[in-house]
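Lettered A, B, C and D in written order, each chain numbered from 1.
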Amino acid sequence: MTSEKYSTCIDACNACADACDHCSVACLGEPGVANLGRCIRLDMDCAALCRLAAGFMSRDSEHASSICRACAELCDACAQECEKHDHDHCRQCAQACRDCAAACRDMAA
Amino acid sequence: MTSEKYSTCIDACNACADACDHCSVACLGEPGVANLGRCIRLDMDCAALCRLAAGFMSRDSEHASSICRACAELCDACAQECEKHDHDHCRQCAQACRDCAAACRDMAA
Amino acid sequence: MTSEKYSTCIDACNACADACDHCSVACLGEPGVANLGRCIRLDMDCAALCRLAAGFMSRDSEHASSICRACAELCDACAQECEKHDHDHCRQCAQACRDCAAACRDMAA
Amino acid sequence: MTSEKYSTCIDACNACADACDHCSVACLGEPGVANLGRCIRLDMDCAALCRLAAGFMSRDSEHASSICRACAELCDACAQECEKHDHDHCRQCAQACRDCAAACRDMAA
């Protein structure tokens, strides 16, 4: 499979998308949701871009590296925001974002 | 994590999306691509719907079951088409589609 | 263009996706966001499914009708929830959802 | 609507996504499909990224400009490839890509 060279990064992107999607709706159920608006918005963006990146890599796209660079930046931003909040889902999401950012940077290098 | 109940099905959907995306571009590189049009088209549809379904489950959506039912049907159709072709990527994609269809049916039940 | 037969429905799906995406983040900025959780969640689901449906129709997919039927149901659910809220973005989103549901039903018929 | 400032670019992205999705399957039906592999692959990438960009703008994302810059580059690549081919769907797709690239650059500026 030509997508083997990407498999670590694809897995990280899928895991990050799932963690972000989960975090977004978990935030919506928190009593302090009024302070979680930016977290939810970055979760939505990050989930969407991670799923896109996984697709680009699975298709061995000539634009996979450039998408992964954009993905790494968004993952960093989302991790930074999630790290401000104490909820388990935010901490798990932050970790998934950090892992994904690292994998995307490795891939794009 | 509320998404734990979905984790088998989410993993199957992510794996199927990646296999379909990979199969679509591998088909485009085959000498017999002229006979692979329907395979490529179903790959494109199936990859997109599997990624959507993973997102719905990760968000614990009230519409996750209904999307998974639609996903199972499309996975079956894609598997059936892929099974007509002898390429490794088609066989691997067919298997991923069969696994995903089963996981989606379990989830929706 | 083979996608001409779908053009009304594609336009309705794109307009609905944009309205849902807009409504989701506008809700996040409302003082009463704590009561808008279900609205935001349905917005996220509906935006994603409408964009998927537009893609299926643009590709003249053999599964376009079945996706449009699922899309009509989700649009109805999202409209019903949005109609409970007085915000302009909710009202505009509800209307876009009603229009999209009707277009999807026409298309699938 | 906060998304009004983006409306020209959102419309261009939606139109480009639809044109790329349509071009990809129309290429699959051409007798010369063996020479259209890169066109189809870029169509798939460009359709996906344009739909993502429309979502980012509809959500007034803080990352909308950076996504639109990436989208403009991919639209240019897709247009350049489509312009090599004489089919109506390729010409229409190339034009939609050029329009979208321009709108994305205006938006990101």
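Assume a residue touches a chain if its C-beta (ideal position, glycine included) is under 8 Å from a C-beta of that chain, and two chains touch if they have at least 3 such contacts.
Source: prediction; values computed, not measured.
Enquirer: I want to compare two interfaces, A-C and C-D. Which one has more contacting C-beta pairs?
Expert: C-D
Enquirer: Averaging only over C-alpha atoms, locate the centres of chain A and chain C and give their separation in whole Å.
Expert: 25
Enquirer: For chain C and chain D, what's the span in angstrom between their mean Cα positions?
Expert: Inter-chain centre distance comes to 21 Å.
Enquirer: Two or more other chains touching the same residue: where does that happen in chain C?
Expert: 24-25, 41, 44, 55, 59
Enquirer: Among line, ring, star, complete and other, which best matches the way these chains touch?
Expert: complete
Enquirer: Once bound in the complex, which stretches of chain D touch chain C?
Expert: It is residues 1-3, 10, 14, 17-19, 21-22, 24-26, 47, 51, 54-55, 58-60, 88-89, 92 of chain D that touch chain C.
Enquirer: Once bound in the complex, which stretches of chain B touch chain D?
Expert: It is residues 24-25, 28-29, 31, 33-34, 37, 40-41, 44 of chain B that touch chain D.
Enquirer: Would you tell me which residues of chain B are touching chain C in their complex?
Expert: Going through chain B, the ones touching chain C are 41, 44-45, 48-49, 52, 55-56, 59, 61-63, 66-67, 70, 73-74, 77.
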